[in-house]
Amino acid sequence: MRSYFSKLFTGAWSLIVGLKVTIKAMFSPIVTCQYPREKMEVTPNYRGHIDLVKFADTGTHKCISCGSCMRECPSDCIVVEGEKREGVKGKALTIFTLNFTKCSLCGACVEVCPTKALDYSDEYELAGFAREDFYYDLLKRVEERE
Amino acid sequence: MSMDIEVLEDAQHHRYVLNMGPQHPSTHGVLRVLLELEGEYAMNLLPVLGYGHRCHEKIAEFKPAKSFMPNTARMDYLGALIYNHGFAQLLERAAGIEVPERVEYIRVITSELNRIQSHLLWYGAYLLDLGAFTPIMYAFDDREHILDILEDVTGSRLTYCYFRVGGVSKDIDDKFVTSTRAFIKRLRSRFPMYEDLVNGNVILQNRLIDIGDLNPQTCSRYGITGPLLRGTGVAYDIRRAEPYSIYSQFDFEIPTETKGDCMASFMVRFRELEQSLRIIEQALDGLPEGPIMTPKVPKKLKIPAGDYNSSVEAPRGELSYYLVSDGSDVPYRLKVRTPSYSNLSVVPEMCQGMLISDVVSAMGALDLVIPEIDR
Amino acid sequence: MVVAAVCGAVIVFGNALVMGYAERKLAGHIMLRPGPMEVGPHGIYQLVVDGLKLMGKQLVVPKNADKPLFMLAPLLAFAPVFVPLLVLPFSDKIQGFDLDIGLLLILAFASINVLAILIGGWSSNNKYSLFGAIRSVAQNVAYEIPMLISLLAIIFMTNTFSLKGIAAAQSPVWFIVIQPLAFLIYIVAMVAETNRAPFDLPEAESELTAGFHTEYSGMSFSLFVLGEYANMFIVCSVATVFFLGGDSGIPLPYFEYSGIIWFLMKVYALMFFLVWIRWTYPRTRFDQLMNFCWKYLIPFSLVNLLITVVMVKLL
């Protein structure tokens, strides 16, 4: 008999305490960042897809087409090709494509590059209509970027 | 498992089969459970697996072992850093690599943050299954802070590939330390709110207390580890039983309960949040300076022939990697023993004769993540 | 009569618009998020657009479903809400009909909702819907008893079933002061009767994937929702009339019909309370719900009735 009433009162009190929490939250400011209208600041360390870095001193990339990134990639998404040109020491880069649909953003390519030619971009608003929208031609991208 | 689909088809006439299919709000992920119901009581349960099988263990057999690191994060996306840790530790033991001390501290801090994030998500999702729509939002609010901290360091928010064989890929800075300390303070101040809103609520207690009846013998028969085992009274935590990394230097408790019901594992996980905060605090206080990568880790990591094992404490239980190598850098066989697979296997025994609402409640308390069951 | 019917329709649809929007906004703010914000300033037109969308959807009938019953169920949930609105005393001068048995009419029509849910769940040819329907029948039938008994205590005090009479009999002090226990019991029974959380097992979203209205889409679904909101309005109005004095309050100057303003304020305060508890508590288990009714509510309401009868006889 006694437990009947004590259960009733402790139960009712726990319900009221819960209500107090919710009403306090109702009058607290919202924590949502309403996305398309307000955008959050993305940290510069964010890992977007990789891009060739345009160095200020040479005005172009520093890739030497060694192919280490292509070999290290666990998902086989990078294709690097270079050719020997006259007057240019080492190989000149001709093809550098990334198949971003397979990339798992592990960062192995960035870390293994001997000239630090690769780095993460900060693009996160990626939406497309075809798979081909995500086959990036990184050589073209670095030449077109200012 | 002694049941087959044939047995269910042959069921008695007043029973019927309900399919809690691969798409269901409360089976977290693509789990299918065939329930043989008599009225509303579940007499037989048959989990059907395989809807999320992605051949991870086979993938490990044709790539160099180091390249498997991103796959470890995809197996359990909520405990990705801990899976990374287990795998990095496996290869370091296999190749005989010693990591610098700062690396161990960073690994412990980020792993414990990951554990807190996983438990917060479990907490919110479990309450959503039970019908309370708001605690998930509060839990996710706290979880966002962790994700922001870890995004600043690792670059990803969920499937981290941050640890490497011999170290970590990027160093932590003062901003990490200050924001982590601020987060610890914030989460500690939120615990009373969670206790008021959720833990003490009479409706929740009636839903959780005395549902499920695990005992240590059942757990050892099925190989159940983690908070479920600790809810039956056995204080088995790999961080204490077989200490790895630098966990032996920290002072933390292992929360246990005795009853073995849903409420027991609920309270164990809730109290583990506080213990993880303690570990992070002690690690931040003792963080040494130093390099973040062992020098001279070969690019082509040849693993000497033999068998190697590494066990870590994942948020759901004991995670073990077993590597059989034949001397080259591509493993011969990699076996991953995930905790949710064993935890799920107790469902037919534990949930027999329960109402459907209790089945939902019990499966939520098991904290299953289906991708790690199917791998 | 025609005017009353038109007013009834306006109230039902207007209430659904206001309540739907208020519920989503309040739910949002409890969850620390803004709720609807896109359509119109702060999402005011959200419900209008939702209504248009639902009207435009295809009415899907499942393959082996019982089609006449399947189409009948939403109509049965929606049609009976108009009649109780005719007998509610919105103010001294605004009332459709003043029936002597006003309360009995309201309770009778509120029970048709159960039939609608049962028919909807059965005819869907879906095991989940059947669960929802069966649970709903048991729940509604069980919780009508404390609802009625707690209201009976008031009726013993005022000697009339007519709602206007009960509202008028609360002149010095509202009945909530005299009968707080009956008020609490009525509030709990009210939440269970309208199938709102924490008693929303018939449409338990995470266990049964939407329960009895799993298979309904488009206008059928919106008829169920309209019926639910109108049902909430009716039971809150009954609570206002019986316990909170109906339309009594400080009369506003220059406004002859000020009673209706007070009435609506009280009704919406109770509806706010319903929304508030929906978003705070988890769901009860079904047998715990029934146990709570049989073991706690009915004894307390019977004791309350007994005490009321004794006091009325003595005083």
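The letters A, B and C name the chains in turn, as written, and every chain counts its residues from 1.
Heads up, the rule we're going with is that a residue touches a chain if its C-beta (ideal position, glycine included) is under 8 Å from a C-beta of that chain, and two chains touch if they have at least 3 such contacts.
Values in this document were obtained by computation on a predicted structure and should not be read as measured data.
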When the contacting C-beta pairs are counted for A-C and for B-C, which pair yields the higher total? B-C
Greatest Cα-centroid separation from subunit C: which chain? A
If you average the CA atoms of subunit A and of subunit B, how far apart do the two points sit, in angstrom? 24
How far is the middle of subunit A from the middle of subunit C, if each middle is the mean of its Cα atoms, in Å? 49
So how far apart, in whole Å, are subunit B and subunit C when each is placed at the average of its C-alpha atoms? 43
Could you list the positions in subunit B whose residues touch two or more of the other chains? 134, 138, 141, 197, 201, 203
Touching at least 2 other chains, the residues of subunit A are 15, 18, 21-22, 25, 31
Two or more partner chains touched - positions in subunit C: 30-33, 279-281
In the complex, subunit A residues that touch subunit B: 7, 10-12, 14-15, 17-18, 20-22, 25, 31, 43, 45-47, 72, 74-75, 104-108, 111-112, 120
Which bits of subunit B are touching subunit A when the two form their complex? 63, 66-71, 74, 134, 138, 141, 144, 148, 151-156, 159, 161, 164, 169-170, 193, 196-198, 200-203, 299
Across the complex, what residues on subunit A touch subunit C? 8, 15, 18-19, 21-23, 25-28, 30-32, 34
Per the touch rule, the subunit C residues reaching subunit A in their complex are 26, 28-34, 37, 276-277, 279-281, 296
Within the complex, subunit B is touched by subunit C residues 27, 30-33, 127-128, 131, 197-198, 200, 204-209, 279-288
